[in-house]
Amino acid sequence: MPHFDLPLAELRRYLPERDEPADYDAFWDRTLSEQRAHATSPVFEEVDAGYSQLVTEDVTFAGFDGQPVKAWLLRPRHVRGPLPTVITYIGYGGGRGLLGEWTGLPSAGFAHFVMDLRGQGSGHRTGDTGDGPLTGPHHGGFLTLGIADPDTYYYRRLFMDAVHAVEAAQQHPAVDPARIVLSGGSQGGGITLAAAALTQRVNDTPPVGAIVDVPFLAHVRHATEIVATAPYSEIVNYLGTRRNDVEAVFRTLSYFDGVNFAARSTMPAMFSVGLLDDVCPPSCVFAAHNHYAGPARMKVYPYNGHEQGGAFQDVEHLAFIRELIGD
Amino acid sequence: MPHFDLPLAELRRYLPERDEPADYDAFWDRTLSEQRAHATSPVFEEVDAGYSQLVTEDVTFAGFDGQPVKAWLLRPRHVRGPLPTVITYIGYGGGRGLLGEWTGLPSAGFAHFVMDLRGQGSGHRTGDTGDGPLTGPHHGGFLTLGIADPDTYYYRRLFMDAVHAVEAAQQHPAVDPARIVLSGGSQGGGITLAAAALTQRVNDTPPVGAIVDVPFLAHVRHATEIVATAPYSEIVNYLGTRRNDVEAVFRTLSYFDGVNFAARSTMPAMFSVGLLDDVCPPSCVFAAHNHYAGPARMKVYPYNGHEQGGAFQDVEHLAFIRELIGD
Amino acid sequence: MPHFDLPLAELRRYLPERDEPADYDAFWDRTLSEQRAHATSPVFEEVDAGYSQLVTEDVTFAGFDGQPVKAWLLRPRHVRGPLPTVITYIGYGGGRGLLGEWTGLPSAGFAHFVMDLRGQGSGHRTGDTGDGPLTGPHHGGFLTLGIADPDTYYYRRLFMDAVHAVEAAQQHPAVDPARIVLSGGSQGGGITLAAAALTQRVNDTPPVGAIVDVPFLAHVRHATEIVATAPYSEIVNYLGTRRNDVEAVFRTLSYFDGVNFAARSTMPAMFSVGLLDDVCPPSCVFAAHNHYAGPARMKVYPYNGHEQGGAFQDVEHLAFIRELIGD
Amino acid sequence: MPHFDLPLAELRRYLPERDEPADYDAFWDRTLSEQRAHATSPVFEEVDAGYSQLVTEDVTFAGFDGQPVKAWLLRPRHVRGPLPTVITYIGYGGGRGLLGEWTGLPSAGFAHFVMDLRGQGSGHRTGDTGDGPLTGPHHGGFLTLGIADPDTYYYRRLFMDAVHAVEAAQQHPAVDPARIVLSGGSQGGGITLAAAALTQRVNDTPPVGAIVDVPFLAHVRHATEIVATAPYSEIVNYLGTRRNDVEAVFRTLSYFDGVNFAARSTMPAMFSVGLLDDVCPPSCVFAAHNHYAGPARMKVYPYNGHEQGGAFQDVEHLAFIRELIGD
Amino acid sequence: MPHFDLPLAELRRYLPERDEPADYDAFWDRTLSEQRAHATSPVFEEVDAGYSQLVTEDVTFAGFDGQPVKAWLLRPRHVRGPLPTVITYIGYGGGRGLLGEWTGLPSAGFAHFVMDLRGQGSGHRTGDTGDGPLTGPHHGGFLTLGIADPDTYYYRRLFMDAVHAVEAAQQHPAVDPARIVLSGGSQGGGITLAAAALTQRVNDTPPVGAIVDVPFLAHVRHATEIVATAPYSEIVNYLGTRRNDVEAVFRTLSYFDGVNFAARSTMPAMFSVGLLDDVCPPSCVFAAHNHYAGPARMKVYPYNGHEQGGAFQDVEHLAFIRELIGD
Amino acid sequence: MPHFDLPLAELRRYLPERDEPADYDAFWDRTLSEQRAHATSPVFEEVDAGYSQLVTEDVTFAGFDGQPVKAWLLRPRHVRGPLPTVITYIGYGGGRGLLGEWTGLPSAGFAHFVMDLRGQGSGHRTGDTGDGPLTGPHHGGFLTLGIADPDTYYYRRLFMDAVHAVEAAQQHPAVDPARIVLSGGSQGGGITLAAAALTQRVNDTPPVGAIVDVPFLAHVRHATEIVATAPYSEIVNYLGTRRNDVEAVFRTLSYFDGVNFAARSTMPAMFSVGLLDDVCPPSCVFAAHNHYAGPARMKVYPYNGHEQGGAFQDVEHLAFIRELIGD
C-alpha cells in the first residue's frame, strides 16, 4: 500500500510521547565535556580533481577520542570569502564519496564541507575514515554496534565527530563561522538533528539553520514496528535473535533518537518527507518535525519514497539556505 | 548469478554476426536528407536557477520534422569561450532534468549541452519535450512505439533530434564547434552510438569523441533472450502477445541497433560495462565495442550492474575528454 | 494482507466525495458535439476463422477524429436477428484479440461486438488499431499519454471511440439497436461507465444496461494511495518524477474518473468486485457502485483478486443480460 | 534469463537417454488388464447452462477401480453427427470447469469431451470428481501422492481414468468413434501422451491424433534439476525432506514419464513449446517430441512461457484437427 | 509492516465471537464414541540410533479407524520411571522426524512421545505414517483434504490420532499416565488445543497441561482475511477457484477451529505468539488464548515471526513443565 | 535453476587453481607465534539450565590478543571421562546460543565444546562474546571488517580464537585431548578448515578429524561471481562501491580462503554439499574438498540447499565421529 502510514492530516498533528531517560542531559553533558579534550587543529590540503572552477581540499580533523576523521571542503574559485558554508552528513553506509559528487553548492557560491563517516563508506558512496584503528570502512551493522551500552554505542562516536566537524569547518579562513548551515538526508538527517542540538550546547557561534531530509534514527521503536526495510531491520533482526534484550536496546537508542534532539534544537529547520517512504516512515519524520523546538517547515512529497524530492529538493535547499544567510 | 553472462575473457573477443538489412544505408541517407529541411536556428535563453558561478541557458531547437526540442546549456561564468563542449543524451524514461543536476562538467571548465528526450522525462528525470503535438512526457512504452515500420519507429525521431542537437550546440558562440564530445549512458549510450555514426555522414565538423556507458539498444535480439528486465522486457512482452510479429519487429530494430552504428563510427570512443548488468548485459555492450570501427577502449566494473562506475566513471570521463580535446 | 481494503460492511456504505471540475459537463458536451462530425458508416466484412456455427465479421468504424477503429462482430449462424447485442470493451493493454476468444456469447444466442483499443493490443490480447497515424499497438503508458491537458488525454480519444462503437453496432442489420448491453472488466469496466454516461447524452436508443466488472479508472486518486500495482503505478511513477504536477494531473483525471460517470448513468448496472483485488481496489469499485445513479447490484467475490468471478461471473452475465432484454 | 534452457538449435536435436524400468510394459499391461473389469456404461445427462446453440451434457463414467469420474460433452445443436470429437485433459490443479469455458470447439462444429480430474478442480478450474471416496477436490500435492510405489501412485489412477474416458466418449451416439483427437496442455499434455500410448494398447479404434501443448511430467528428473517452480517443486521439496528416497521416487516416476509414453505412441502429434517456459522447460518438451514414435511437429513460441500460444495456438489446433479428420 | 496485526494492547483484549455449529458437541461425541472401538495395544520397539544416554523406542499405535500411526518415545537411560511425559504434535507438513531431533527433553529427565502425522512428513521433517492405505507422506494440501464434509475432513482423522496417542503413551510402563503434558507449535499447537479438549471428554487421567505455541487452525476465517501465506493460502486458493463453496468450507472448519476447542479446555496452558507472525497471525493466537476456558498465560515475542521464541521458548517450556508436574 | 552450478560429474573433478600469496605461510607463522603469548588458563563454571542428565559448563578462554571468548562445554552426567570431544564452530551471524540447543552429542556420549564467535551472536543464535572491548554482538558486516589488510581482518582474530579453543578444551579434565573432532557448517565449516590446518602447525595432539559441512569462505572470488546471496553479497556490495579495491580485497581474502587451508590439512575429513546451495555454492565446496590434503569424503544432497542434510547429516556425523575415535 503506497500510503501505508497515517493519512497526511493525521501526520501533521502526530505528536507521540517521547521516550527519554532521566539522565539524558547528563549523558550528553558528560560526553561533550570528555570529548572537548580531543579537539585539535584540522588539516586542509588542496587536491586537484580536475574541477578548475573550484578550490577543493582534503580535510582531516580530530573526531571522537581524537581519532582522525576525513572530510572534503569545496568552494568556488572566483568568489572571495569568508563564505556561507553548508556542512553535509551522509546517509547510512556512505562516506564522503568523490569530489565530483559535490559540485552543486560551490557552483551556487557556497563553501561545502562534507564529513566522512567512520567505518561507513562502502555501501553507496566511498569513504576514507576508519572507526578507530581497528577497522576501515566496512559493510553495514552500524545500528547495533556497541548497542548494549550508550557509552559504547557507535552513534555516540559518530555524533561527536559531527559536533567536531562544525568546529573544524569554522577554523578555515574561507568559511564564515557565523553562517554555517547543517544538512543531511536519512541517516544524515538524523546526524543533523543530533549535531544541531549538541552544537548549541557547546559552540558559541552555532549553525544558523538545519536541513533535515527524511531523517533516520527518529522515533526508532515505532519505526521498527511499521517498517521491515534496511537499515531499521538490523534492530529487528538483532532483537529477533536476542529476545531478552528488547528493553535494554531501546534504552540505549533513547539517548540517540532524533525526536529527543529535535525537542532541544532551536535553529530554523526545513524537513522533507516522502509519503511512500518505507525506509524512514512518514510518522517518524513528522514525529521529529512536530517535536522540533525551533521554527520548522515540512516539504511533503506525496508520491515519493525515501528518495523524496531529489533535484526538486535541491531547489528548496538553495532557497532555504539563502533565506537563512540573508542572501 | 552475479556473473550471468559470458566470462570476461570470452566477452573481450565476443564478435557476433551483425543483422543488417540490405537498405540500411539507404534508409538513413533518406531520413537524414529529408530531415535536413527542418533545421532552424536554435533559441538560447538565460535562466537563473541560483548557480551564480555558471551561465545557464534554456535551449529550444528544431528536432525531427522541425518539432521543438528542449535542452540545457551550462558553462562556467568565469571562463572565456569558445569552450570544449559535452553533449549528453539521457537514459530511458528520463528528460533533461533540472539545472542543478548538471553542475559537474561546467565546474571542470567545459560547456555542457543536455538534450531533452521527446515524450520521455517522467521516469527518472523530468523533461519538457513532447513527442510531437500529441503528447508530452509520458510513462514508458517507447521501445515499441511505431515499431511496425522503421519509418514510424519512435527512435527514428529521437535519433534525428540527437543529430540536430549537435548542430544546435555548434551554433552557440560560447561553444567550440570543433571540440564537441558526445556522451550518454544506457539509452543515452545507444543514442550516442547513433549520433556518432549519423553525424559523421552530414556534419562537416563532427564530434571528436564519444563516451558510451553501458549502451542500451545494442545487439537487441540477443538481449531479449538473456535478460528479462525493463526496458528490454517491453519487447519481450510485446512479442509474447503479438506472436506473429517476431521477425517484423527485429527487422525494424535492425535499423536502430547500436551494433550497426558502431560498425560505422570512427571517432575515438570510451565504453564502460558492469559485469553484473542485467539491464544492458555485458555481451551486448562488448558486441558494440568489439564491432566499433574507430579506436575504442572499455572500462570494466566487475562488481557493478547497470549503475557501472558512478562517480568513479565521472573521473574517467574528465580524463578522456581532456585527452580528446588535447587539454 | 488479503483483505487489505475496508471491511465489506464499510465498503457497502462507502460514499466518498466526488472530485468534479466546474466545467465537467461543458467539457463533455463540447467533446461530443465536436466528434459528432466524424461519424461515418461502419464497414462490416465477413471473415472465415473456422467457426462454422457462427457468422464472424471484421468491423471498421470511424472513431475519434474519424480515425479508423477495428472491432469484431460475432453472431450465431442459425438464429435470425435482429439480435440482442453485447458490446465489450477490453482491459488495459489488450485489443480485440482473435475471433476464437469470443465464442461464448454467440453460443448463447447473442450478437457480440468487441471493440479494439487504439494503441493497445500488445499487452495481453492482440489488437489492430493505431492511436492515430503515428503508432500502432505499443507497450503501456496509456494512463499518462497527453495527461497534461484533458483535451490531449488519451482517454478522451478512447471514450469517444467507445461512444461511436455503439452507433456502429446499431447500424448492422442483425443487431437490434434497442437491445444493446455494454460490458467490460477492469479498464473495460471504466470504458463501460464512460460509454454508458456519454451515450445517454447523444444516443436516442441508448443501451439497456451495463456490466461493470472490477472497473479501473474509478476513484483514481484514492487508488494511487492504496495500491502500488500496474497500471495505477504509471501515475505514481509519473508523479514521483514530476513532483510539481500532482494537482494538474488529478485535475485532468477528474474528467475521466468512473465515479463521475457513474453519478450520471441511469441504465441498470451489474458490478463485480474481488475483495483481494489490488489492481482495482474494492473501495474504488464500491465508490463507483455506490455513486451509481441508476439501479445497481454488486456481485462480491471474497477470495478473488482482479480475476474476480471468471467463468462463474460469465454465468451471472448471461442471467443479467437475459433479465435486461426480457428474454 | 528468459532463454534459460538450451539454444533452439540444440533443443531441436536434444535426445536424452530415456530411463525406463525393465518391467515397464509388464506394469502397464497388468494395470490395463486389471482395470478392464471396471468399464461400465457412461451416463449422459443434458444440462441447460444457457448456451442455446449447443447441446451440453453432464457425463459420468467409470474410472480407475470403477470409481465415478465426471466430464462435459458439448456439441453444436445444428450439426448432425456422428461428429469428430476432441477429448481434452486439464492442467495441474484444474477440473472440467464450467460449461461456458468450452464453447470454442463446438462453435467450430466439433464435439468436445472434457474430462474432470480426480481430486483436482480447486486450483484454477473447478471440478466435481473425488479421488475415490476419501476426498473431493483439494489443494495440490498430487505429484507425490502415493509416490512410494508405482501401484499406489496417483497418476496410475488418473491415467486409467483418461483411457476409460476415450471409451466413454466413443459410446455416445453423436460421437464418431473413429475420429477422436486427444488434447491437453501442461499436465493435460502429459495425460495426452499417456492416453495416446495406453489407448493404442487396448482400443480397437484408437484416436487419430494428439495435441500436446507444453507437456508436464516429461523428462521429470531433468526438470527438477533446472526449474524450481510449481508443480515440479513438489518433488524437489519432498526429496529435500526425504533425502534417502531419491532413487525410489525416480523409479516410480519412470513408469509415468511422458518421454517413455512418447517413445511408444504412433498417432500423428502436434506439440507446442514456449522458450521462456520455466514450468515445463523447453528441453523436457523437446525430449518428449524428439522421442515421439509417430509423426510429430513442434510449434515454437520464442517469447512465451507456459502460456505458450494462447489464442494463437487455438488457431493451430483447428487446422491440425481438420487435417487429422480430413475435413 | 512488521506489526501488521492489532497493537498489543488490543490483542490482549481481543475476544471475537466464536462461530460454532449447533451440533458441534454431538459431532465430536459421535466421532469419539465411534473411534473408541479402534483402540488397540500400542507396540514399542527399542531402536539404536547411537544415543547411548537415552532409551529410544519406535512406537506403532492404532489411530483413526484403527490405522497404524507411528511415534517415537525417548527417555533418559539413567532415570527410573514412571516419568513425567511430554507428548508433541508436529507443525504443518512435518512428521516425527529422526530420533536425533528430540534429545532435549530426555536430557532434562522427561520422557518424550513424538507423534507422527498421517500423510505429512515430507515438508520439513520426515515421517513414516500414511493417511490410510492409499498414500504415504505427500506434499501439502491437507488443509482442504475432504473439506466438503466434516466427516471426511482430514483433520477429523488427525485429531483422533492425537487423542489415541495420549492413551498409547499412557500404556508404556516408563510413562507416568498422570503426568502427561501436551505440546506443539503451529499446526502442532492446533492439534494440542484439539487433543486437550477432546481428551478431557474421554480420558480418565487427562493431561495436566498444554503448551500451545503460535497455534495454527485457530480463528481460521479471520486468518484467511489477513494473511496470504502458506498454509492458510490453501484455503484462499481453494475458495478463489470454488467460489460457491465459501460458506460450506467455513462450516466444516468451524468443527475444527482451535477457538472452539480452547473454549472447552480447562487444563493449565501456556501460549506463545510472535507479533511479526504472518503464518499464524497474532490476533488468531490471542483469540484462542483469550477464549481459553482454563488458566492460560501468553509469552509474547515482539520481534519474532512464526519461529517465535526458538531456544528461548524451550527454556519457558522446561519451567512450565516443572511447574505443572510439581517438580 | 535448482542445479545452477556445474553438473555433479564435473564438480567431482573440479580442481581450480588456488590463489595463494607468496608470504602465506610466513603470515600465519608470524600470527600464530605472536598469539601464543596470550594463552591463559580457561575458566570452566558449571551452570544449571535444567538438563539434569548432562553436566553443562560455561567456559571463558583467552582468544586473540588474550581477549575473553565464551564457550559451552556439555557432557553426559553418567559417563566417566576423559571423553572424546567435538568442538563446534558456528555459522555466520550466530553465537554459542543457549545450552538447550546442544543436547544431541552429549546424549550420544560425547563431550561437546561450542565456541562463541566474537561480535557475532545476533543473527540466528545468541552469543556473549565481544569483538574486543569496543563492541558486543552486532549485526552483520564481519566479512569486510578490517579487510584492507590481512593483519586487521576480522577473520584473523576469529581463526586465532578457534585455534585457542582447541587448547582450552584440551585442558578440561573430562576431555580426552587426543580424541578431539572439529566440526562446523557454513562459516563454521570455514573455521573448521582454518582450525584444522592451523592447529596442526602448533598443537602437539591435533584433532583426529574434521566435519566440514557446506563450508563458507572457500574459493571466495569464484563464489562472488556465481552467487548474489548473503553473506558473500557483503563483498559484492563493498566492491560495488569501492571499485578500486578489488585486487586488494582478494589479496586479503587469499590468506583466509578455505581452499588454501584445505591444501595443508591432513586429518581425515568429511564434507557435505547441497547441490541447490546458493549460499555456499557446490563448486566452492568441491574446490575445498578436491584440494584437501588428507583423506576426505563428500556427502552429496542433490535436492537440498544450504540446509544440506539436516538431521540426516547428524546421523552421518555420529558415524564418522565413532569411526575417527575408534568407538
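Going by the order they are written in, the chains are A, B, C, D, E and F; count residues from 1 in each one.
Everything below uses one rule, namely that a contact is a pair of C-beta atoms (placed from the backbone, for glycine too) under 8 Å apart; a residue touches a chain by one contact, two chains touch by 3 or more.
Every value quoted in this text rests on a predicted model; they were computed, and no experiment measured them.
J.: How many hops, at fewest, get you from chain A to chain C via touching chains?
T.: The distance in steps between these two chains is 1.
J.: Looking only at residue numbers at the chain B/chain D interface, is the share used by both copies over half or under half? Answer same or different.
T.: different
J.: Fitting on CA atoms only, what is the rotation between the copies chain A and chain E? Please report it in degrees, nearest 5.
T.: 120
J.: What is the chain whose Cα centre is as far as it gets from that of chain E?
T.: B
J.: Can you work out the whole-Å distance between the CA centroids of chain A and chain D?
T.: Between these chains, centre-to-centre, one finds 63 Å.
J.: Find the geometric centre of each of chain A and chain F from their Cα atoms only, then give the gap between the two centres in Å, rounded to an integer.
T.: 39
J.: Taking each chain's centre as its mean C-alpha position, how far apart are chain E and chain F in Å?
T.: Taking the average C-alpha coordinate of chain E and of chain F, the gap between them is 37 Å.
J.: Hunt down the residues of chain C that sit against at least two other chains at once, touch-wise.
T.: Within chain C, residues 125-126, 312 contact more than one other chain.
J.: Go through the chains and record each pair that touches.
T.: Every pair of chains in contact is listed here: A-B, A-C, A-E, A-F, B-C, B-D, B-F, C-D, C-E, D-E, D-F, E-F.
J.: Which of the residues in chain D end up touching chain F in this complex?
T.: It is residues 4, 224-228, 236, 239-240, 243-244, 246 of chain D that touch chain F.
J.: For the complex, give me every residue of chain B touching chain F.
T.: These residues of chain B touch chain F: 1-3, 276, 301-305, 307, 309-310, 312.
J.: Using the touch rule from the top, collect the residues of chain A that touch chain B in their complex.
T.: 49-54, 76-79, 97-98, 100-101, 103-104, 106-109, 125-126, 311-312, 314-315, 318-319, 322
J.: Can you list the chain E residues touching chain D in their complex?
T.: Per the touch definition, chain E meets chain D at residues 121-126, 132, 134-148, 152, 154, 234, 237-238, 241-242.
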